[in-house]
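Labels run A, B, C and D following the written order; every chain starts at residue 1.
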Amino acid sequence: MTLHIINQSPLGGSALQDCLGSFVEGDALLLIEDAVYAAASPAEHKLPQGQVFALAADAQARGVTLAQAVTGIDETAWVDLCVAHTPIVSWFR
Amino acid sequence: MAKSILALCRHAPYGNALAREGLEAILACAAMDQVPSVLFSGDGVYQLLEQDPVAINEKSLRRNLQALPMFGIEHIHVCRKSADARGIAADTLQLAGAEIVLLADTGPFIRGFDQVLSF
Amino acid sequence: MDNLVIEGREIALDKEGFLRDLNDWNPQVAAALATRENIELTQDHWDVITLLRDFYREFELSPAMRPLVKYVGQHLGQEKGRSIFLMQLFPPSPAKIGSKIAGLPKPTNCL
Amino acid sequence: MQFTLVVYGAPHSSEGAATALRFARAALATGHSIYRVFFYADGVHNGSALAAPPQDEQDLLGQWQSLQQSHALDLTVCIAAAQRRGLLSESEANRLEKPSANLADGFTLAGLGQLAEAAAVSDRLISFGG
């Protein structure tokens, strides 16, 4: 199952949209850098239900409060997510 | 054990160096006998349209793409939703010597690979 | 590196013997470049040089070994579309030496 | 598990390189290994010895180098992407007849074959976009 990693803010370009177009149930989604802005209101940005993560440090840096549906993780948990998934796909710019 | 590799190309030609440098990486993998599959998605679909960049002093990326079959890459996968969203008709997507494969659903396709190189 | 002098005209080469200006290329220049590589050009060499230039015109790329072998095979027949054939013509690195003599850009070191 | 990291972002212009460093440290701290960090596109600027950020900003070059020393990290900079952008080793500067070299200690210039090879042998490959 794929781990999708997005680093672009939800309306800053097509990364989120392209990613969601390739998302299959059972995949995991990780929001990093500017993508954590989507984590405040996941429903509004049509994020999938379940298996949505965000880097807590990146959210904290931007003053973003994670919605309940989004699991905040640290870098160690990110490594674990990578171990648990193949392939890993980055969506950026 | 060797891994199956997908190159995911999401950038339009010329505006971002990653379009050309992505292709260079694909060709290098193929030259090393690690022939990747290639998927054009998002703005990457624009790479496959006719181009004439002489006036902006650029080399034609599409000409370079036409070398893919020479490197052993004969199937070019294209995200159908991306093409549709940009008003690109399927029959305008052609590359000499290659077969264009339109994918209605890229998710399951991506899942089939060990590694994805994003460009 | 020394420049070429052909019929009184000086042709600038870079340190590795590639043409600085690709527009300087002509068959005489190719023969002189080949001499510097200790290669005497035969018809087989010229066939491949022509194909190298066709390849560049078609794809705007200096070919790596793998596509060059395939391209030669498509145009000169399978008997010649083999790395050993190219290796004998342009030792020790056919894509690089061939590109140099055919007046193509210096390969980027990547392929 | 063996990871390969591909870095596209120039230091101090996008976050990609800094994020890659955070990931690399976490992976190494949890007992994983990093097969290679491959710097590509604008990411090649991470290998510049000439970066001089102010003292109160993070020093990404220093962080790469200290990680390289403590874990014998393979920091490979794509030679073609580097040539275009003016990042050269002594021998490349000499070969290409350029006035000076600027590749930082701990980094190596190599071809894209190193990316292909890393993709083929690593357990996981992660791209860090610019």
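In this text, a contact is a pair of C-beta atoms (placed from the backbone, for glycine too) under 8 Å apart; a residue touches a chain by one contact, two chains touch by 3 or more.
Since the structure is predicted, the reported quantities are computational estimates derived from the model, not experimental observations.
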Q) Which chain pair shares more contacting C-beta pairs: A-D, or C-D? A) A-D
(Q) Using only Cα atoms to place each chain's centre, name the chain farthest from chain A. (A) C
**Q.** Separation of mean Cα positions, chain C and chain A [Å, integer]
**A.** 49
**Q.** Computed distance of Cα centres, chain B from chain A, in Å
**A.** 25
Q) CA centre of chain C versus CA centre of chain D: separation in Å? A) 34
Q: Could you list the positions in chain A whose residues touch two or more of the other chains?
A: 86-88, 90-93
Q) Which chain D residues reach two or more other chains? A) 8, 80, 111-113, 124-125, 127, 129
Q) So which stretches of chain C touch two or more other chains? A) 108, 110-111
**Q.** Listing of all chain pairs that touch each other, if any do
**A.** A-B, A-D, B-C, B-D, C-D
Q) For the complex, which residues does chain B have touching chain A? A) 6, 8, 10-11, 16, 18, 41-43, 79, 81-82, 106-108, 110-111, 113-116, 118
Q: Enumerate the contact residues on chain D facing chain A in the complex.
A: 1, 3, 8, 15-16, 19, 22-23, 25-27, 29-30, 32, 124-130
Q. Can you list the chain B residues touching chain D in their complex?
A. 2-3, 5, 17-18, 21, 24-25, 28-29, 31-32, 34, 115-118
Q: Provide the residue numbers of chain A that touch chain D in the complex, in ascending order.
A: 5, 7-8, 32-34, 57, 74-76, 78-80, 82-83, 86-88, 90-93
Q.
With touch defined as at the start, can you tell me which chain C residues reach chain B in the complex?
A. 58-61, 63-67, 70-71, 108, 110-111
